[in-house]
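So, here's a batch of structures to check.
First subunit A sits with subunit B, and in the next complex the same chain sits with subunit C.
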Partner chain A sequence: MQKITRDVLVNKAVSLLEAGEVKAVLGWGKGEFSYDVTPTVFESADELRENFVWNDFCGANFSKYLVSKTRKIQGKILVFLKPCDTYSFNQLLTEHRFDREKVYAVGVPCEGMADIAKVKALAGDGISAIDFTDAGLVVTTLYDDEPKTITYADALAERCVNCKSKKHVAYDELLGESGEVLESARFDEVEKIEAMTADERFAFWQGELSRCIRCNACRDVCPACTCEKCVFDNPNSGAENKAPATSFEEQMFHIIRAFHVAGRCTDCGECSRVCPQNIPLHLLNRKFIRDIDNFYGEYQAGAEVGSRAPLVDYNLDDLEASDVFDRRDTE
Partner chain B sequence: MQRIGVFVCWCGSNIAGTVDVHTVAEALKSEPGVVFSTDYQYMCSQAGQDIIKNAIKEHNLTGIVVCSCSPRMHEATFRKTAAAAGINPYMVEIANIREQCSWVHKDMQTGTEKAIILGKAAVAKVNLNTPLTPGESPVTKRALVIGGGIAGIQTALDIADAGFPVDIVETKPTIGGKMAQLDKTFPTLDCAACILTPKMVDVAQNENIRIFSYSEVQEIKGFVGNFDVTIKKRARFVKEEICTGCGACVEKCPMKKIPNEFNLGMDNRHAIYIPFAQAVPKVATIDPNACNMLKKGKCGICSKVCSAGAIDYTQKDEFISEKYGAIVVATGFNPISMEKFDEYAYSQSKDVITSLEFERLTNAAGPTAGKLLRPSDLKHPHTIVFVQCVGSRCAACAEKGKEYCSKICCMYTAKHAMLVRDKYPDTEVYVFYIDVRTPGKNFDEFYRRAVEEYGVKYVKGMVGKVTPEGDKLKVQASDLIANKQLHIDADLVVLAAAIEPDKSARPLATMLTASMDTNDFFTEAHPKLRPVESPTAGVFLSGACQGPKDIPETVSQASAAASKVIGLLVKDKLTGNPCVASPNELMCNGCSTCERVCPYGAITYEDKEFMMPDRSKAIRRVAQVNPAVCQGCGACTVACMSGAMDLRGFMGSQIIAEVDAICK
Partner chain C sequence: MRKFSLSVLSEVFAEIAKNATLYIPATDNAGGAKFTKWAEGVEYLETLNTVKSPKDFFFPHTEDLMEFKVTGKNIELFDIREESEDFVVFGVRACDVKSFDILDRVFLVDPVDTYYASRREHGVIISLACTRPAETCFCGTFDIDPATPAGDISAWKTEDSIYLEANTAKGEALLAKLDVLTEECDTEAVETQQEKIRKIMDKLPLKDLTTDSFGGGKTLDLFNSEKWAELSESCLGCGTCTFVCPTCQCYDIKDFNTGNGVIRYRCWDSCMFSEFTKMAHGNSRLSQLERFRQRFMHKLVYYPENNEGIFSCVGCGRCLSKCPISMNIVKVMKALGGEK
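Our next item is the complex of A and B:
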């Protein structure tokens, strides 16, 4: 359960909106279901009071929305940022994707978000209501008379189990308290895949990626994917396609995307959150992050504005390509 | 649709020996866009070129593929041929069927197959080629030389003699550099000052040369032909144009215990000083850290005694902006610090000195007026030990010294040893060495004279330890040839310290976006064929900033750099290479990734107003490429996520078309 209450967030947003300091508020809004929280631009206090949501399903990272919203909306935009969102926020600033002056960033602490897939697996389908109690999520479904209680730990999303940081690396104002960068086990899963033989690994990814329906949700939500014109939408890029023609192409989509965000991905985990096919896409990005760490020293994208990612920096003592080759799997 | 002509060259038997050229020409006839295909014995000959020219006219060709040798050989030739026949030279593509095909294959069939594939790739590319026109940029006819040592002096004089204005920026109060501190120069033993100071005077008197002494380069912007440079002229508290250099102020200055940098701290100077008698400009400078007037507002004696009224305690740093067409880096070298070499007791005993300090000790204008007296008690030393390679060729101790050979030490040590034996035959002189390296005109003869005529004792082996004991220095060393340990009671130990680039070089390289090696020496554009140019266009290298060098080599390189600068400055306009990067602004994210990977600083950003897809207007930050600076390396094109950056003449689509043609 989130420690900070919805009222604190709403009151902050309402007061700044009414004082005219911000023109709009980027926050979580009611969706069709209780767990279906929708990114929303609020422009009035009434909208905020009525539709603003703050609970354990507020996983959405709003950093990317700032690219288009700061262009459209005249005046400042208030944006709520959880610790992991602040890394994306900084990374976008590093890439000059929006004007910092047009944003009022409010940091909110986060106790970790729930994964609806995990909740459904434990409570079953047909969820009609979810209550947030001290004991856990109390889930009512259409098919069971008794609501089920699921502990927060059981419902916790993978990216939050392996939370890399509770620290806000950017904000104008902080509600509640900021935490520390954490020692996480986020690379354990990567190590497991690395330990596979090449054939096993190929079979693993083939199995995962063959489920891809090319809905583009991962790209559309990714805060690193903010290109004015994505290569997959550009008929002249040579990579454009709407649907894969062969199993090779569906892998290429994800591999090209992983390359494009390499060194820029903050590991926010949004890609896996939105994937309707539950493909663990974040593992591809984590492998890249781990390789970059191993080859060039530890680097966290978005930890600070203006940092030079190793892939776009050059040092004379950088690892040579031949050294990387020597370190490859030699099974 | 292009109308492409294919011309397959035999190159005598070079190509035709392993490639069936008729079959190649025949096979390429059916490729899309090809309307004409032929082969000929020597396509680069006049007759061969005429075949191309005639075919262009007869078949209205719009594109040319020449299957021949490497484009490095004859691309320019065939581009000229095409241009002479009226088509854009960048519509020519070369398929390299010699170096990359006939020369590496022995079998006619595989050679022919590969030649056809390479030809197809070139045809596929030409189909997407567009005419390109190189841009032009003007050239500012003025050169900047950074560093006023012998390298900078020679470069400046040569450029000025060709009639171009040159500015020298020197951080010290005088030009002259390290050479001004030397006593004699090898291998002819002429006195350094005697050959250097006339050149310094030439510089001062040359109408085309301006000297900014006691100054440094603050900022460099722009590109080849058009550099904008800001020079910081530090306040010397003396009006340069009025000071006559009479020295009256120096004599009367009460602050006289300031370590004299010119003599490496072996004697003292005053707070107001002229580094040495032949300084250029011969102008006094007040050391603001030592002057009582500047520090406490009390004194003012120099101002009272100056009959010219040149002293100005209120002088401020001055910033000068100037445009230059070319920049020569001549920042030189320094001996490395001996602090980490405790085994030689450099910091424990005054009588352990570096070779540069030895130069000052034997120099008639030095602290001992040229008499060889040891610093501790001013007695004549009877046993002198020279240690070579102190910090040079030091692969195992990279944190202390340098891996490279400092190149000049063998010769100057031979010189020192010889001069000591010549002036003071009662002195025993030992030289400890790893190897004696004396390549160079009259160098080995010089070294042999030191050994054979002057009886210098050369010992192969290194000194392990120097221990001061009483008024002696106990030197423990190994003689590798006799395979024994030596113990020598020396009066003076001279260390041939490794040399390193001046500390100002690294920040300067950043300003110039010029590349450096791991040792902070400037990298040349090509180690053999373009040794005096930096890879950054318009930046040239002179002297030891590029690598250890002796005086003859430095002067040769300085003149070579000057000739390159002159070659640039005589041009009114620079024709660029049209194969440069260009951004598609509509697709550009303004993310700075390309700017970060550009090794030439060719990319900048601009905020521009755009009509967005929903017809709203938005200000977007977009990349701009300066075509005069871009070298067409393509690093930006691969770093660009959206593919907004593309390289003219090597568009992503053209490369893909080539790959497709090969893989088909």
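Our next item is the complex of A and C:
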């Protein structure tokens, strides 16, 4: 359960909106059910009071929306940022993707977000209500007389199980308290895949990527994917394709995308959250993050604004390509 | 009506698979279900909806249409389509069965799409009544009865048996082949189940969603609504909704250069994509608002206008559970006045 309450967030937003300090608020909007939250631009206090949501299903990271919304909205925008969102925020600033002056960033603490798929797997389908209690998510369904209680730990999304940081690395104002960078086990899955033989690894990824329907949701939600025109959407690029010509090509899409965001991906996990086919895309990104850490020393994209990512920086003592090649056998 | 015990389910599957390729819902190894070619060892998965709809069977995600070979100044044209084989799909839900009618009205009208038509001719659909509709289900809005699913054969699954009723000549022919494994029975168990299902339908949270504000002739009422801006505000422009949708039928035709010729293929397209229907002059819809509006106007106004009032949504709820920002047709309909 989130420690900070909805009221604190709404009151903050309403006061800044009514004082004219901000023109709009980027927050989570109410859905049909207890869990289907929609990123929403609020422009009035009434809308905020009525539709603003803050609960364990507010996983959406708003940083990328700032690229388009700061251009569209006249005046400042208030944006709520969870700790992991602040890394994307900084990374976008490093890449000069939006005007910092047009944003009022409010940091909110996060206890980790729930994954509705996990909740449904435990409580069953036909969810008619979810209550957020100290004991856990109390889920009422159409088919059970008694509600079921699911602990927050059991409902926790994978990216939050492996939370890398509770620390806000960017904000104008903080609600509640910020935490620390955490020791996470986020590279454990990567290590398992690295330990596979080449054939096993190929089979693993072929199995996962074969489910891809090329909806592009991973790319469209990714805060590191903010090209004005993606090469895959440009009919003149020679690479534009709405469907793979071969199954091999399908795999290339994701690998190319992972390369493109390497060194810039903050590991926010939005790609895997939105994938309709549950492809663990974050594992590709984490592999690159781990390699960069190993080859160039630990680097966290978005930890600060303006840092030189190892892949776009040059030092005399940088690893030679041949060293990377040699490590192939020893690892 | 005929029935068989669940204990002989795999024998029934094997019998069907003797004469045709059989597809059943099975695990996709990622928490979801997909229609999978049955073979010994493939387990039937009791699931409400597969992640992708069964429209792939008739309108595949990608398909080669023809090939051109170029020699000097000659162009030769080859029909490279793969011959459709006879196939049976088991476990199609009422909403998805209805989606085939909606696709038929696009692909089987003059000029008939022969690629689609061939698959339709070769396919036999065994539907399955829904005993546990989800909160995201709203097929009732489109007058679909999940207790009486259509299809060549309708099926009902109880705790111990599966009941079958043929609705078409194709269905009767298939049922006749299952004579030995099935027995004649009365309809009592099925009627009991249907009653239960209808009671659940009355409890569904979206039961009051109506189409009253939509349909042919409503273009001018809805097209300029101010609501579109708000509804489309955070749309990512991805194709998730269109690609999991059983009724979305737009496609692109593209050429693949093979080195000494061209393979012309088609693939699903999405009106949510920025390059959708790009022509020589450019794009017809430049903003995401326009693209978003197009998708819902098509389903709720343009399609019914051209198809005797039939809407091109079946209420399966896939877009509700899969949209990355949880924006969907239900929210659109409610915002534009579609609740009792």
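General remarks:
Please note the rule applied: the second predicted complex is superposed on the first by the 328 of 331 C-alpha atoms of A that agree within 3 Å, B and C clash if a C-alpha of one lies under 4 Å from a C-alpha of the other, contacts with A are read in each partner's own complex, and residues count from 1 in each chain.
Note that in this section a contact is a pair of C-beta atoms (placed from the backbone, for glycine too) under 8 Å apart; a residue touches a chain by one contact, two chains touch by 3 or more.
Bear in mind that the values here come from a model prediction, so they are computed numbers and not experimental data.
After superposition onto subunit A, the partners subunit B and subunit C occupy separate space and fit alongside each other.
Applying the stated contact rule after C-alpha superposition, one finds that A:192 touches neither subunit B nor subunit C. Of the two partner chains placed around the shared chain by superposition, subunit B is the only one that A:227 touches, whereas subunit C remains out of contact. When both complexes are overlaid on chain A, the residue A:327 reaches neither subunit B nor subunit C. By the touch criterion defined above, A:95 lies against subunit B but remains apart from subunit C after alignment on the C-alpha atoms of chain A. Here subunit B and subunit C are compared by how many residues of subunit A each touches, and C touches more. Contact with subunit C, but none with subunit B, is seen for A:33 once the two complexes are overlaid on the shared chain.
In the superposed pair of complexes, A:276 makes contact with subunit C only, with no contact to subunit B. After superposing the two complexes on chain A, the shortest C-alpha to C-alpha distance between subunit B and subunit C comes to 5 Å. On subunit A, the patch touched by subunit B and the patch touched by subunit C overlap at residues 234. Residues 517-518, 586-593, 596-597, 599, 605, 612, 616, 618, 620-621, 639, 641-644, 652-653, 656 of subunit B touch subunit A in their complex.
Residue ranges of subunit A in contact with subunit C, taken from their complex: 31-33, 36-41, 60, 65, 117, 121, 125-128, 142-143, 207-208, 211, 213-217, 219-221, 233-235, 240-245, 273-274, 276-279.
Only residues 71-72, 94-97, 226-231, 234, 236-238, 260, 308, 312-314, 316-317 of subunit A touch subunit B when the two sit together in their complex.
Contact residues on subunit C toward subunit A in their complex (touch as defined above): 28-32, 34, 48, 51-52, 61-62, 132-136, 200, 203-206, 233-234, 236-240, 242-244, 252, 254, 256, 265, 267-270, 273-275, 278, 320, 322, 324-327, 330-331.
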